[in-house]
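One chain, chain A, links the two complexes that follow: it is found with chain B in the first and with chain C in the second.
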Partner chain A sequence: MSTRAYAVTRAGRRAAVPASLVVLFLLPLILMPLAAVFLFAFRGGPLAFWNGLKTPEAQFALRFSLLVAFATAAVNTVLGTFTAYVLSRYRFRGQRILGIVVNLPVAIPTVVVGTSLLLLWGPIGLLGRALPSGLQPMFAPAGVLLAHLFVTFPYMLGAVKPVMDEMEETYEEAAYTIGATTWQTFRYVILPTLKGGLFAGALLTFAHSLGEFGATVMVSGNLRLKTQTAPLYIFAQFEAGNIEAANAVAAVLALLSFFIFFVLLRYTGREGD
Partner chain B sequence: MSVTLENVTKHYGGGQVVVDRVSLDVQTGELFVLLGASGSGKSTILRMLAGLTAPDEGVIRFADRDVTLVPPQKRDVGLVFQNYSIFRHMTVGENIEFGLRIRGVPAVEREQRREELLELVGLGGLAARYDSQLSGGQRQRVALARALAYKPAVLLLDEPFGALDVKIRTQLRQNLKEIHKTLGVTTVLVTHDQEEAFELGQRIAVMERGRLLEVNTPEKLYAQPRSLFVATFLGGGTILVGRCQDHKVALGGLSLPIPAEVPHDEGDRVRVLIRPEQVRLTAERPRPGAPVLGQGEVVEQNFSGATRRTRVRLPPLAGVRQVVPPLPFGEENPILDAVVPAHDPPTPPAPWVTLEAWHILRQPTPRLLVCDEGEGIAPALELAKPLVDALDAIATVLGVSPDARRQDALREALTERAAAAGLAQPAIRVRRGDLAEQIALEEREAPYDFVIVGAGDSDPRPALRHTNLYEELLPRIKTPLLLVRGRPRRFERILICTAVGEPGKADIRAGGWLARRLNATVTLLHVTISGRTMPALVHAHLTRGVATLRELEVKGRPSLREAATPLEGILAELRSEPYDLVVTGAPPPLARTPIRSVSITQAIVRRAGCSILVVPAGTW
Partner chain C sequence: MRRGGRVLPRGLIPVVFFGALLLYSAWPWLPFGRPPATPTIVFYGFSILGDAMNKGVFPEFRKQWAAQGHGDVAFRSAFAGSGTITNQIVLGAPAELALLSLESDADRLADAGVIPAGSWKRLPEGGVVNRTPFVIFVRPGNPLRIADFADLTRDGVRIVHPDPLTSGGANWAIVAEYGAGFREAGGDAAAGEALLAGVWRNVASQAASARAARTQFENGFGDALITYEQEAVYDKSRSRLKADVVLPRRTILSEHTLVVIDRNVPKRDRALVDGFVRFLWSEPAQRIFVQYGFRSVRDDLNAGHPALGAIEDPFRIADFGGWRRAKKEIVEDVWKRRVMKIPAKP
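Now for the complex of A and B:
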């Protein structure tokens, strides 16, 4: 109560100077680039924008990106939740190290992730060479999925584990004494409690997968109509000088991201109340 | 449904005992309270009853059904946690219905039961609320209703009022009492709050450090506690120690008869518990024949609403010592706690102190830990029998097995050997691991008065010699350690060495106590170092030592010896007379240096030919 009153008086009296300062340096850094995406996308008029989106390559890239993002979010929701559960509920040797390792993917440059995946799963890689040619994951959709799973793994964990840590063990024990089996306890007690974390984690994973570039460009081979995701398409078109085509897809990606972001914002805001 | 625990034991991961051989019976429909401080093991017992923790040893029964290893889902218990653990994503109604939903009860029936329960706990109309919209007291009621919904056979409550403020607590206690009366469900409640235990419990079990001390009705526990701990844990009061004379305990001029059920010997120290409300303070001298302690002096008065708490310094009472509450430093007379109704006329500054009632506590039974190896000669066991008889003690026989496979065989061997040594049904304990380490652990977990170990160097077979056992035990153990050497005989002549280290009183007390029970004579030895004598100091020290012995009613004679080192003096004394037992202090743990230097205690143990009692400082 008191802090809010303090903030109000601050805003009323002296906020003008620092606030305009922030807007001033954010203008070239964030605000203008955000606006530019849409400005350039529609510069040639709506028809040019529509033509840019209509090509089979653009269509494929967008659809492929969405599909991979869904798959990544789905797989990591399951794996991340399970990992969070194990890390939060059990005590074992090497637990601390495991907790650090599963969070490492956020710290590693994505291009490095791409190279190491290639070295591991590539046609002459450590594991890849053992696979028959039909099942090679690199330069195929499976490779893109592998890369995205790796890169986005910490997001699910980061969203679910704090909720899990906060949930007292007596919560589950209460369900057991009431008569619920382990599964019923998970289904009716743990899962509903995790709902918020799961939702936020899945959206974050989805958003990051949608925009992933560094690892994808390495493992996908950037194959048109086969492994080219939307970000790769934008890059390829830009390099070829098709600015309109690149901008059209970029605008769609940006819109999608905004949408996810606002859903997250609303959702977490409501949870906070 | 009745609940039975038989010898239930639970260890933590590190081997520390949390619940130590607890047996109890809860009657069908009873409201039973487990009372103890934090860490006493009461909550662990509750978790074992719920099936959330499995006991290491022992059996838990619900009526005739053995539920020791039955999972919580199949126990049919309702548990209210200290933090309530209301499911936050469910409404109050859904929380209460959860157990019924799991059991597949149709919605109509669930709803009906839900309304019944909400009415019962006084939460009618709140079914649609969520956890975050409830007050602490309401949460507790929801947790209770949820635990009762499926009509469990046993209701378990873990500190259910711990998180609430005093006013709500009183009200909820009343509610719980009424609910219990209405439903008649067997209930076990855990609390650390004495007042709560008194108000709710039909019977109370008092726990301390994993052990069950006493079980009784609140009234009996308060008025006639058996142990010092229960007497002081439940309610206030003063405990005085007097001597037993002709089946009476003498408190100054007053003699209080000792009831027949309290075993006592002439000359024993007897503890008398006087509750504050049993003390009468009057201006006039009471009529002759009344139990008067004398004319005291008011030290302190505190007004506390309905009563006045008054502390009265008594006149000196010969041979009486105050144990509880501890006297302030320099105070010589007992100070009695009294409570007077506030509307009584003011207490005169020098009131006459009369007792309206009192309670005589039972003598604590000495406990011996007898360590045996299950093979070879059994010096510790052979000594245990005469000691148990002379001290009226309880013996526990401990064996340590290096591996799990031989534990059962060892237990059998110990039982057999204990019987052969004449011990009637001693408790047998078998532990696994390193010998010295496990003995030290056992000693730390349960209160023993003496640990008895064979010195280990007299076995004819070299494989069974553990010459270094006592060296490993000495620095670890905090209980007097009796090292038995040779064929144990009666201890008739005891040598107490006061030359060692700090002239502690513990060794004299422990040695003197043993001597009185064993009817032995004591020589109190002090070795003066040649050329460094301080006659006045030594004389004073020995005089005090002999006085302590006299107080214990033991015949003691002082002996002064001059030698180059204390050890030589002691060995010379041992050569001069046939002693059966040497008593010495233990070096304080801090005196151990990183280099393995031989302490004087170790040197005595190594070189004396007879049994040795090592008494750590501050134990007696």
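Now for the complex of A and C:
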């Protein structure tokens, strides 16, 4: 396909040297660290790997992370698509500013996200102060979800809005002229064309949520079996010197992300560039 | 694109995969996968307590509580640097009980209005659950021949030290280093400061908790680590110790304080939490602490343990006027202002 065509056209310009240079610097930067996770995870044999994974804490952390990732992907798919639709189809005052604000989470350090959520929703926070203690979101699963929604918000938007911007508006106009409502037009004209973008955006959101650390560590309270996500579990176990336990879960997260990335490339036609 | 000739249509693979993933992750919360709800104690502890509580104290209490006819009990626990968990509790973490590595963290909770001031002093032993002295870990065979805190001030010794901002153990270590010099010279503040400054000139790495500092040391950083004796005793008992332990001639016995955060204890769990608090000072629990390398608050339980080494001149925080004074005079004034030269807040 396109990569192969690329390779053929550039075959004349000896690729061996620059390509091996790239591989050479990728070795210590990316490839060897990844290999180390798996080497360490399986060093004690598959049984030790399995023992590291089957503890209630590890199981909980993985499940909790996955559930939060599913929820984050679901919520941000709806919110992100709606935001993209509004930004792409309507013209209004403050549109540019809104466009910047919704993309801001990409640039904000995740630790700052965590801090700001605590300062808003925490028990001493601006809004959290008013909430009864049973409804406090911080140090509870809801807080983790809030943090992940914040951090991953732009991914859905980034996947869907360009598709929407490029969409021919004649189809929509045609739909309107035959009497379709805004919702029907969205549902039967826009949504089907968005399928690829929605899928890619949801996958990216899911993957980022699965690995989120900086904001989560601030808002989750790190409670084992209650609010400890898989990345927090890895960090806590590593700090406590239980490198095997940390590595088993790290290897699973790495495998999951490989698979998600593979699906992303394979099914949405995206190239890795 | 290839089509046909496949067992599954290509769109089905991600659907099946993510469906299976969702089922796996939601399983314990599904109606048929959920175990019945049990009363729960939320326990926060400082870093080195993890194994002693998770593997020793919690299971034993569960057994006893059930044997007394109260039914099952579950524990939710978090272990991190004492300062870290204190901050989390101030910010609203749902801890019902917290075992802090130093009393000044309890003071901070009281200052923040989380618990009544001094409420822990009404518990047995003034709230102190167990103790452990501060010791020096060195590389196997002690290649640098370190015998006491004074040897750590030599040029070229690289020390791994926990960070006093987040680690209770680091605060104990600072008082240990200062106090050793102070008492060696017969009560001379300048000698205390000189020893403290000498040690800190060689600190090569600061970790967030005592446990994390230990992990750094084990991963090969530094020549010496200043930490709780408990870590050494416990690891020796499992023959997992990859370091030699140097018992300083003079060092501090850290005392670990329990606080009950009443506002986080629901009424229905009151008896359970109180029962667990009483249990912590009972003989079975104290024996478990000794088994995991702590020193019991009951001297008779320590006597029988060969791994708890003898210290020539052990001292306590009370010898420096308690944590409120020591925090201000030793950690803030001497260590922060004079040794680290961090200016006071305006």
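Operating definition for what follows: the second predicted complex is superposed on the first by the 257 of 273 C-alpha atoms of A that agree within 3 Å, B and C clash if a C-alpha of one lies under 4 Å from a C-alpha of the other, contacts with A are read in each partner's own complex, and residues count from 1 in each chain.
Everything that follows uses one rule, which is that contacts are C-beta pairs under 8 Å (C-beta built on N, C-alpha and C of every residue); 3 or more make two chains touch, one makes a residue touch a chain.
These numbers come from a predicted model, not from an experiment.
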I'd like to know which partner A:Val23 touches here: chain B for first, chain C for second, both or neither. neither
So, A:Val78: does it touch chain B (first), chain C (second), both, or neither? neither
Compare chain B and chain C by how many residues of chain A each one touches, and report the one with more. C
Considering only the touch criterion stated at the top, classify A:Phe139 as touching first (chain B), second (chain C), both, or neither. second
Per the contact definition in the header, classify A:Tyr176: touching chain B only (first), chain C only (second), both, or neither. first
Chain C contact footprint on chain A (complex, rising order): 60, 62-64, 66-67, 70, 118, 122-124, 128, 133, 136, 138-140, 221-226, 228, 236, 238-241, 259, 263, 267
Which chain A residues qualify as touching chain B in the complex? 168, 170-171, 173-181, 184, 188-189, 192-193, 195
What residues on chain B touch chain A, complex-wise? 50-52, 71-73, 75, 77-79, 81, 83, 85, 87-90, 98-99, 102-103, 146-147, 150, 156
Chain A-touching residues of chain C, taken from the complex the two chains share: 10-11, 13-14, 17, 21-22, 24-28, 42, 47, 50, 76-80, 88, 90-94, 208-209, 211-212, 214-215, 218, 263
